[in-house]
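Naming follows writing order (A, B, C and D), and every chain is counted from residue 1.
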Amino acid sequence: MSSFLPPLLVAVPLGIAFLIPLVARRLERLADALGSLATLSLLAIAVIMFPLRGVYRIGGWNPPVGINWVLDGLGNLMLVVVNLVSFAATLFSIRYMERYTAKPRYYSLFLLMVAGMNGVILAGDLFNLFVFLEIASVASYALVAFGGRHEELEASFKYLVLGSIGSTLVLLGIAFAYAVTGYLNMASVSTAIAGRQSSPILLLAAVFFIVGFGVKAAVVPFHPWLPDAHPSAPAPISAMLSGVLIKALGVYALSRVLFNVIGVDRAIATVLIAVGTLSMVVGVFLAVGQWDFKRLLAYHSISQMGYVVLGIGLGGYILAIGGARSSAALAMLGGLFHLANHSVFKSLLFLCSGSIEQATGTRQLKEMGGLRERMPLTRVTCTIASLSIAGVPPFNGFWSKLLIVIAAFQAGFAWLAAITILVSLVTLISFLKVLRYAFLGTLPKTLREIREAPALMSLSLVLLAVLCVGMGLLLVPAVRGLVLDPAVAALSQGLEYARVVLAGQ
Amino acid sequence: MLYTLCFALFLVGLYCVLTKKNTVKIVIGLGIMDYAVNLFLVLLGYRHGGVAPILDRSTNPVDFAARSVDPLPQALVLTAIVIGLGVTSMAIALCIRLYEKYGTFDVTQIRRLKG
Amino acid sequence: MKGMTVIVKTITRWVKVFIFLYGVYIVLTGHLTPGGGFAGGVIIACSYILLTLAYGKEFALKRLGPRTTAGLDSGGALLFLLAALLGLGYGGIFFANFLQKRFPGREFQLASAGIIPIANIAIGLKVGASLFLIFIILSILRIVLDEKGQQSMVQHWPEGKGEE
Amino acid sequence: MGTETILIILLFFMLAGALIAVETKNLLSSVISLGAIGVGSSVAFLFLMAPDLAIVQIAVEVVLLIFLIRGTIARDVIPQRGHIAWGALAVVVVLLAGLLAFGTYAFRGIGRFGQPVISAVQEAPSNRYLAEGVRETGAVNIVAAVILDYRGYDTLGEATVLFAAILGALTILRVKGFTKGGQR
């Protein structure tokens, strides 16, 4: 394939990120414009190249020799989601980030993070995946500490330490894979592994991949950094971290490596289901007791990631035991659709928390109240997002959870379906609390003078809220066949991936 | 034997990161882990009686291809060293900042965040 | 920071040139001998770090201020990206080594290997600048603490000096 | 003395350095031990026929030590202290020991030291680099050919990580995070 579009996905954010410190050191407006234009053009590119499939050979070298990018249904879906959320976040940042100093540098780091995520999603090479994982991680460590206050620095340090352990484990896993096969290209590694029976060294590599990417995805045993890091960051960054970063670096990379390279057997699928369920339950029960709005949202991220991992793991399990392909596809569809949905509503929730924080100066739910009079728009969008995350019809979260529940029933895991519904109920209670304390009740005297968020911030809230309402339409068969089914096919093809990639030469 | 020793070095670093309560010690632990992984990769590529992967005028190219050590892990490690340096510099910057805020490198006295 | 003794300064004056030139040499011959942009860049940064340590920060910063350094840092990165994008423009492929295909130089010559030496120079520039930059920011902070005494934990960046 | 013996001795030296770095109470000794490990691995790279890496490693080592010493050490003269949670420590040690044992068992799946995977897998990209690299890229230093041509994109990523880290450090170290009136 020789389209000129894929390279732009990485080159545009990198170029602008390098350029901003040169030309816009002091010109905040220019940095604003460059940042938003960059993400807008990225979104446009991601949408235009959505139907594109195939292998892009960087430097013109064929796959095992050089590095290659792979464009398939899953990657393209992720690209659209990531760049969509980053556009909303930059739009929101224009006004929101006025509170902070060094705004140009913020945009630089932001774009580096986006470039890292795009690179991870495109990567068809294990080591290249690691490198771009590190770009996105390093930029996000810095962005978490952007405010420079005590808790931000601490959270960032904790995140950096755990994140580095994760990355190092991933690198070690890559080293093992190389030692056994002699390749770094995912497709070639996969073919080389498929030829031999499983050995302890590959098991160790798989464990290191699960732990390493698990840290990035913040699934439960590896989650402790998330409830600190996500609330500490500025709101648009929280939206990016919770909305897309943990998915692109964590779940996407993990499922790519497990499904398409190593191959999911029964044991791995069971681990995924266990981890997913655990995250789902632990996350939501830790969230219920929180009074800090952003911290509450962060715990819910863990819980919602549990749904995604559960859906994908369930699909893998059904495939591994040779069950019906249709129910496996349904489970994966649920997981991936929930991934896309969660990106939208969780980033919307974090942006709402940002606009409330900017207006009231607090994140504590107990200090808010009665905001419905002063911030009607934020109230509406926040309500839509809350109902979405809680799985209330007709919002998008409902449909994806429904798919996971149906798939769990079909696979004979009635108890899993029950847990899923239960967690959903607890989520609903938790968000009713949020809506009650933030928007209903009496307005405290100190907050009489607050104003609704500025127009640009509201614009990005409305954009995401409309998506929350409309994304259910993706399940309409014609649209689904165009958007979601190719993504599911990319995962459920499993080791066929290698054949497809290597045949593209 | 060599692989095991190298893996042990990695685990010593991991042990340091997991158990020590001093931010600088934690950064040192991360550094040790990095070194171990880098060395491991290069160990993988060594060939008995090998030569460095740089062709010189006196060597026959075919002979060179058969005797040189594996260049790919070396290229990877070059990248990994730089990445490690970047992460470590940022960790040091964070340590300095935390020290300014709290006057200590001790994590137990820093912990303000709950849970 | 006042710098170190006369002996150190005198030796540094001689040594720094050699370190710097060695760094440049390593960058330029990266495709022929061991080394390359990264190693050379670190060595170039070392020569400036040595200068700063021996003569004190004012002396070194006068020659290479943080703003210039940051500019070189971004510039090096941009140059490298540009080389990759030129491959896209000329060869139709990102990172295509179009120069090598067009002007295949003789092996073992300095002017060979297409964009590799250019990429080496870009990386050398970038790495040298960024390491010196981070040295400056880490050490200036330290100095401020000295002047204000050990007790003051809240540092202030000297107005108008250093980074912004 | 064979390369393997030398490397084993070197690795024992590095392990000892690591243990000192981890367990000593004095931060300065700890940092210096880290330096010793770095020098050890640089020497190991020389024996493993990786001169590029040896140069980079030693240079990075020097810079890192300067950063660590100037940035942190002079600030904390008090040796670290505090109680030790023996229970957690025991769990971690057992876990890591188990991992080491499993690793030792698993490493039998990798070829013996000195017989790289590229000898067994003829189609491995490394063999192509060695055989065709000079002709295809024009660089006689194959490592340079790999990092700047075959895998040049990785190197762009590497430069970007460094850029992000520097920018991040600048961001973290800036005096004020908020504008006037920004922080309520």
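The definition used in the following text is that a residue touches a chain if its C-beta (ideal position, glycine included) is under 8 Å from a C-beta of that chain, and two chains touch if they have at least 3 such contacts.
Since we're looking at a predicted model, the values are computed, not measured.
Chemist: Please state whether A-B or A-C has more C-beta contact pairs across its interface.
Modeler: A-B
Chemist: Counting only C-alpha atoms to place each centre, which chain is farthest from chain B?
Modeler: A
Chemist: Which whole number of Å gives the spacing of the CA centres of chain A and chain B?
Modeler: 28
Chemist: Rounded to the nearest whole Å, what is the centre-to-centre distance of chain A and chain C, using the mean of the C-alpha atoms as each centre?
Modeler: Once rounded, the distance between the two centres reads 36 Å.
Chemist: Need the CA-centroid distance for the pair chain C / chain D, whole Å please.
Modeler: 21
Chemist: Report the inter-centroid distance (CA atoms only) between chain B and chain D in whole Å.
Modeler: Computed from C-alpha means, the inter-chain centre distance equals 1 Å.
Chemist: So which stretches of chain D touch two or more other chains?
Modeler: 51-52, 56, 60, 63, 67, 71, 75, 103, 107, 110, 117-118, 125-126, 129, 134, 140-141, 143, 145, 147, 149, 151-166, 168-170, 172-174
Chemist: Residues of chain C that touch two or more other chains: which are they?
Modeler: Where chain C meets two or more other chains at a single residue, that happens at 33-34, 36, 38, 70, 73-74, 77, 81, 84, 94-95, 97, 107-108, 127, 134, 137-138, 141, 155, 164.
Chemist: Two or more other chains in contact with one residue: find those residues in chain A.
Modeler: Where chain A meets two or more other chains at a single residue, that happens at 14, 18, 21, 58-59, 102, 127, 131, 134, 138, 141-142, 145, 148, 153, 156, 178-179, 184.
Chemist: Connecting every touching chain pair, does the picture come out as line, ring, star, complete or other?
Modeler: complete
Chemist: What residues on chain D touch chain A, complex-wise?
Modeler: Going by the criterion above, the answer is residues 102-103, 105-111, 117-118, 120-121, 123-126, 128-129, 149-154, 156-158, 160-161, 163-165, 167-172, 174, 176-179, 182-184.
Chemist: Looking at the complex, which residues from chain C come into contact with chain D?
Modeler: 26, 30-39, 42-43, 45-46, 49, 53, 70, 73-74, 76-77, 80-81, 84, 94-95, 97, 100, 104-105, 107-108, 112-116, 119-120, 122-123, 126-127, 130-131, 133-135, 137-139, 141-142, 145, 155-157, 163-164
Chemist: Tell me, which parts of chain A touch chain B in their complex?
Modeler: Within the complex, chain A contacts chain B at residues 127, 131, 134, 138, 141-142, 145, 148, 150-151, 153-158, 160-161, 164-165, 167-168, 171-172, 175, 178-179, 184, 224, 227-228, 286.
Chemist: Taking the complex as given, what residues does chain A use to touch chain C?
Modeler: Its residues touching chain C are 2, 4, 6-7, 11, 14-15, 18-19, 21-22, 56-60, 102.
Chemist: Can you tell me which positions in chain B touch chain C when the two form their complex?
Modeler: Going by the criterion above, the answer is residues 52, 54-55, 57, 78, 82, 89, 92-93, 96, 99-103.
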